[in-house]
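Look for chain A in each of the two complexes below; its partner is chain B in the first and chain C in the second.
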Partner chain A sequence: MEISTFFYIIFSSLQIGLIYALVSIGFNLLYSSTKIINVAYGEFIAIGAYVAYWLFVLYAIPPPVSIFVAVAVLILISLPLYQILLKRLLESKSVEYIEIWGVIITFGLSIMLQGFMAFVWSAQSKGYSYLDQVVEIFSLTFILNKILTIIISAIMVLVLYYLLFRTDLGISMRSVIQDPELAETIGLEMNKIFLLSFLLSSIIAGIAGVLLSMSFEIHPFMGSTYLILAFIVTAVGGIGNPIGSFIGGLLLGALNVLIGYTIGPGLNLFIIYALLVALLIIRPKGLMGGG
Partner chain B sequence: MRRILKVDGVSKRFGGIKALDNVSVELEKDTIVGLMGPNGSGKMTLFNIISGILKPDKGTIVFNNTKIDGLAPNKIATLGISRTFQEIRLINDLTVLENTMISALQHFKMDYNKAAEHSLKALETVGLEKKSEWFVRDLNLYEKKLIEMARAIAAMPKLILVDEIMAGLTEEEQSRVARIMNELREYGITIFWIEHVIRAMFKLLKVDKIIVLNWGKKLAEGSPEEILHNKEVIEAYLGKSSMRGG
Partner chain C sequence: MKNKLVLLALIMVAVLLFGCLQQPQQTQPTPTPTAAKPAKESIKIGFSISLSGSGAGAGTEQYRAYEVWREWVNSNGGIYVEEYGKKLPVEFVYYDDASEPARAKSLYEKLILEDKVDLLLAPWGTFIHLAIVPVIEKYKIPVVGNTAGVELSKINELQTKYEFFTYPTPETTAMAYVLLLENIGVKRIAILYAQTDFTVANAKWNKKFIEDRKFADVVVYEGYPLGSTDLKGLLLKVKGTDPDAVVVHSYPADAILVTSQMKELDINPNLFVLGVGGQTLAFDQKFDKKTKEGIVVLNTWHPDLHPEAAELYNLYLKKYGHNPPSHAIGLAWISCITLQKAIEKAGTLDPVKIRDVLATETFQTPFGEVKFENQVNVKGLTVIDQWQNGELKPIYVFKGFYPNVELAKEFKTVEMVYPKPSWPK
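Right, the complex of A and B next:
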C-alpha cells in the first residue's frame, strides 16, 4: 500500500467515523436515558441535511452557518413532539411500555416525515458543491469540505464530552442513564432531563445531517442507513456509554472505508452486520459494555 | 413545634399482602430514631413511602408542616429528605465527587465549581475527601456507604433516612459511621435509621427512640432500654419458644 493511500484511508475513516460517532452518541443518549428507540432519528438527520441544502442552494448560506438553523429547526420539531406524544409515555415509567410504544410512535413519525420530505422536495437525490477544492498538505491531496467536516465533527464531539462529563446537566443525564429511580429520589427532575436528552439527541442528528450533506447526496429516505448504523454502533459501544459510541463510531467508519477499499463498497453493510453478530456472540453487552 | 415528621395511619398493600397496616410515627427535630423489625415487617416500605418511591393506599405524611404523601420523590428530596439505601446505590461511572454532587446540583442550583466545593465539604465530613476523584467502582463497601452518607449530607437535608448502613462493616468501621451520625445530629439533622446490627443501635449511638414494626404493624415504641426489655419485641425477633425457654 502506498503511503498516500494509507493517509487517504485514515483521513476518510476519520471523516466518516466522526460523523458515525456523533450520530451514535445522540441515538445512544436518548435510548439510555429515556428508553425511547427513536426510529425517526434518521429522518431528523435528513431534515438537517435538507436545511443545509436549501439554505445553500437558495441563499448561498454556507453549511457551517446552516448548523445553527438546523439546530433551531430540530428544536422546533422536537419540542411539540415531546410535549404532545412522548412526555405522557415517559410518565408511565414502565420500560416495556416506553420501548414498545416509543418504537410505534416514532416509526409512524418516521414514515410521516419521509412522506412529507418526498412530497415537498421529491424523492430524487440532491447535492451541492461546497468547498470542493483540493488542497495539498505534505504532498498529499485532500478535499477542503472533508477537512471542514472533520474539524466540525471533532469540535462537536469535544463539546459533547464537556457537556456530559464536565457540567451539571451531564452528571444528571449520566445518573438518569444508570439508575433513574435513584436519580429521582436524590432530587432530579426527570421530565426536565428527558426533555433535554430528547432535544440534545435531535440537535446532534440535525448537525450530523448538515455535515453529511457536505459530502454525500441527500434524499428523503437517507435516514434509515444512519439509523441502522446508530443501532450497530450502540450495540458495539454499549448502551449508555457515550465514550463507547465514540470509539464504536470511529471503528465502524474505519471498517466502512477499509471494506470499500479492499472488497468494494457493495458489501459494506453485509460484512459489518456479520461482524456485529460475531461480536455480540462473544460480548453480548458490546465492546465497552463490561463483558 | 419540635416535630419534623408525622406519619399518620399509613397503609400499603401489595396484592394480597398488607405491607403496612395503619402505621403512625412521629419524629422530633435533631433526634436519632431507630426503626427495627424482622424481615418483611414493612420497614423498607415505610422508607419508600416517606421518600415518595411508593404512594400510600391510606394515611397522610406531613414533613415540616408540608403534606408530602403523593409528591414525586424529587419534590420530597427538595423539601429536605435524603436517604441511603440498604443495597448501595451509587452511579458507578461517576467519580466519588460527582456522585456526591448530584444532589447538591439539584437542590441549590449552584454552578459546577461551587457544587464541587460544597460536595467536597460533605466528603470531608465522612473522611473521603482524598478519594474524591476515584471512581466509586474502585472503592470498598465501607467507603461506598460513606459516599451514600456524603451524598445525603450534600443535599443539606433536615431528615436523613438511613437504611442498614452498618451491615457488612467491621466493628471499627461501625464505630466511625456512628460518630458521623452523631455529628450530623449535632448539626441539626434528624436521622430515621433502619438497622439490623443490634449492637450499633443499642451501644454505638445514643438513639432517642426506637420504633419496632412487625407484619406491617407498629409493635412497640420507646427508649432503647424499654425496647430491649419489651416482651413482644423479643418474641417477634426470637419466637415464643425462646421466651418460654428463658
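Right, the complex of A and C next:
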C-alpha cells in the first residue's frame, strides 16, 4: 500500500467516523436520558439540511452561519413537539411504556414531517455547491467542505463532552441516564432534564444535517439513512454512553473505508451487521455500554 | 388512564392523517363539465408513482412530466377517440406508492377495480414496473413502461403481453457504452455499479462486451450497496489501478457521492461516465461548472435532438423551474405520447384493442419512432450526454437493438470534450 493511500484511509475514516459519531450522539443522548427511541431523528437531520440549502440558495448564507439558524429552527420546532407529544408520555414510570409509545409517536411524527417537507419543498432531490474546491496538503488532496465538516464535527464532539462531563447540567443529565430513580430522589427536575435532552438531541441532528447537506443530496426522505446509522453506531458504541457513540462512529467509519478498500463495498453492510450481531452477543450493551 | 387516552387520540390523528395521504389524488381536466355523467367526458388514466421513499426524487420528475403532458394534451382539446367522435381531455387518478413494489401492485388493482380508470400509466423504477405485471396481465390493461431497464431474458420470463418496455434493454445500452469506449480508444476500464437489478445488468453486459471485443482490460469490477454514504475505500482501490476510464452504473444519490469522492481523491481518468443520476437537478446544483466539465452521462433523449420534444421541455421548465433534461422526464413523455398515439390509432378506449395496436404498430413521437417487438421498443435511442460549460449536451446517439446497435449519424451532436479535464483546484 502506498503511503498516500494509507493517509487517505486514515483521513477518510476520521471524516466519516466523526460525522457518524455526531449523528449518533444526539440519538443516543435522548434514548439514554428519556428512553425514547426517536424515529423522527432523521427528519430533524433533514430539516437542518434544508435550512442550510435554502439559506445558501436564497441569501448566499454559508453553512457554518446556517448552523446557528438551524439550531434556532430546531429549538422552535422541538419545543412544541415536546410539550404536545412527549411531556405526558415521560410522566410514566414504566420504561417499557415509554419505549413502545415513544416509537409509535415518533414514527407518526417522522411520516408527518416527511410528508410536510415533500409537500412544501417537493420530493425532488436538491443540492448546492459550497467550498467544493480541492486543496493539496503534503501532496494529498482534500475538498475544503470535507475539512470544514471534520473541524465542526470535532468541535461539536468536544463541546458535547464538556457539556456532559464538566457542567452541572451535564452531570444532572448523566445522573438521570445512570440512575433515574436516584436522580429523582435527590430532587433533580426530571421534566426540565428531559426537555433539555430532547432539545439538545434535536440541535445535534440539525447541525449534522447542515454538515451533511454540504456533501450529499437533500430530500425529505434522506433521514432514514441516518436514522439507521444512528441505530448501528449507538448499538456498537453502547447505549447510554455518548462517548461510546464517538468510539462507535470512528470504528464504523474506519470499517466502512477498510472494507471498501479490501473486500469491496458490496459486502459492507453484511460484514458490519455480522460484526454488530457478534458484538451484541458478547457485549449486549455495546462496547461502552457497561455490563 | 388520561395519558393513555391522550396518546390514543394522537395516534388516531396520526393514522387518520396517514390515511388521508392514501386518498386518490385527482387532477381534473381543464375545464370539466360537472353535469350528470354522459357517455364519456374524459379519459381517466391511473397510475401510482414514487412521491416518497427511495425513488421520490426521480419519481417526482416523472410525475411532473406526466402533468406537463396532460396539460399539453388538454390544451389541444384532449385525445381524439373515434368511437366517441370527439377529443376527450385526460384526467389523472394517482397515488403515492412510497417506492414500494407491493404497495404499487395493490394500488394498480385499486385503480382498476375501485377507481375504474380507463387506462394506466407506468410507475417509477424497474422493480415497480415488474411488480405490477401480474395485475395488468390479470385485468388486461396495457402499460407503456418508461423508467424500467430489464434484460431480454427476464422480459421473456415474464411472458407479459400487457407491459411494454420503451427503455432500451441493458444489453442495448451496455453495447452503446462499449462502442463509445472502443471508439475513444480507452485501454484500462474500471466498472462500478450500484447493486440494483437495472445497474447490475448494465454493468454485467458492459463487462462482457468489453471482454468479447478485447479492446481493453477491466481493471476494477465492483458493486456497492444502494444508499452508501461512503465509497472512498473502493475509490482508493480504483485510484491504485490508474484506469483511463471509470464507468459508474449509478443511481441518483450515489452519482453525487462517487463524483464528489473521485474529486476529493483526485482520481482523473480521461473518461468518467455516469449512469442515471448524472443528469438530475441535485447533481447539477451540487457541482460547479468546472467540476462537471467533461462528465459523460447516459440518457435516452435530449431536447436539442428533437425540436418537438423541446416544446414539452420548455413547458416543464416554465411550470417547474430549472431542471436538466433527465432521463426520467424524457422517458415519461415517450411513454405518454406512445399511449396517446395508440389510443388515436385504436379509435377506442378498449384496453385490449389498444394493447394490440401497441404490439403491432409503429409510432411517430417527438422523440423518434417507437416500435415494440416482443414487448420491447426496438427503435429506442441511447443518448450519451456530456456536461459542457455547465450544460448537458448530446455527444453520441446510438440506435438499433442488441446486437445491432450502431451510431445514429443523422442526429446533430456536439463534439466531445476528451480527455476529461482534471478536477479543478
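Convention: the second predicted complex is superposed on the first by the 284 of 291 C-alpha atoms of A that agree within 3 Å, B and C clash if a C-alpha of one lies under 4 Å from a C-alpha of the other, contacts with A are read in each partner's own complex, and residues count from 1 in each chain.
Assume a residue touches a chain if its C-beta (ideal position, glycine included) is under 8 Å from a C-beta of that chain, and two chains touch if they have at least 3 such contacts.
Here the structure is a predicted model, which means the values were calculated and not measured.
Novice: Quick check for you: in the superposed arrangement, does A:269 touch first (chain B), second (chain C), both or neither?
Specialist: Touch status of A:269: second partner only.
Novice: Which chain makes contact with more of the residues of chain A, chain B or else chain C?
Specialist: Of chain B and chain C, C contacts more residues of chain A.
Novice: Between chain B and chain C, whom does A:175 touch in the aligned arrangement: first, second, both, or neither?
Specialist: First partner only, chain B.
Novice: Just checking: does A:167 make contact with chain B only, chain C only, both, or neither of them? Give me first, second, both or neither.
Specialist: A:167: touches chain B, not chain C.
Novice: Taking the superposition on A as described, I'd like to know which of chain B and chain C A:257 touches: first, second, both or neither.
Specialist: second
Novice: Identify the partner contact of A:190: answer first if only chain B is touched, second if only chain C is, both if each is, neither if none is.
Specialist: first
Novice: Touching chain B in one complex and chain C in the other: list those residues of chain A.
Specialist: Comparing the two interfaces on chain A, one with chain B and one with chain C, no residues are shared.
Novice: Show me the residue ranges of chain A that touch chain B in the complex, using the header's touch definition.
Specialist: 166-168, 171-172, 174-175, 178-179, 181-190
Novice: Across the complex, what residues on chain B touch chain A?
Specialist: Of all residues in chain B, those touching chain A are 51-53, 72-74, 77-78, 82-83, 85, 89, 91-94, 98, 101-103, 105-107, 111-112, 115, 151, 155.
Novice: Within the complex, which stretch of chain C touches chain A?
Specialist: Against chain A, chain C makes touches at 3, 6-7, 10-11, 14-15, 17-18, 21, 51-54, 56-57, 59-61, 195, 222-225, 227-237, 239-240, 252-253, 256-257, 260, 263-266, 280-283, 285-288, 291, 423-425.
Novice: In the complex of these two chains, what residues of chain A are touching chain C?
Specialist: Touching chain C: residues 2, 5, 8-9, 12, 16, 85, 88-89, 91-92, 101, 104-105, 108-109, 111-112, 114-115, 118, 122-129, 132-136, 141-143, 146, 215-221, 225, 229, 253, 256-262, 264-266, 268-269 of chain A.
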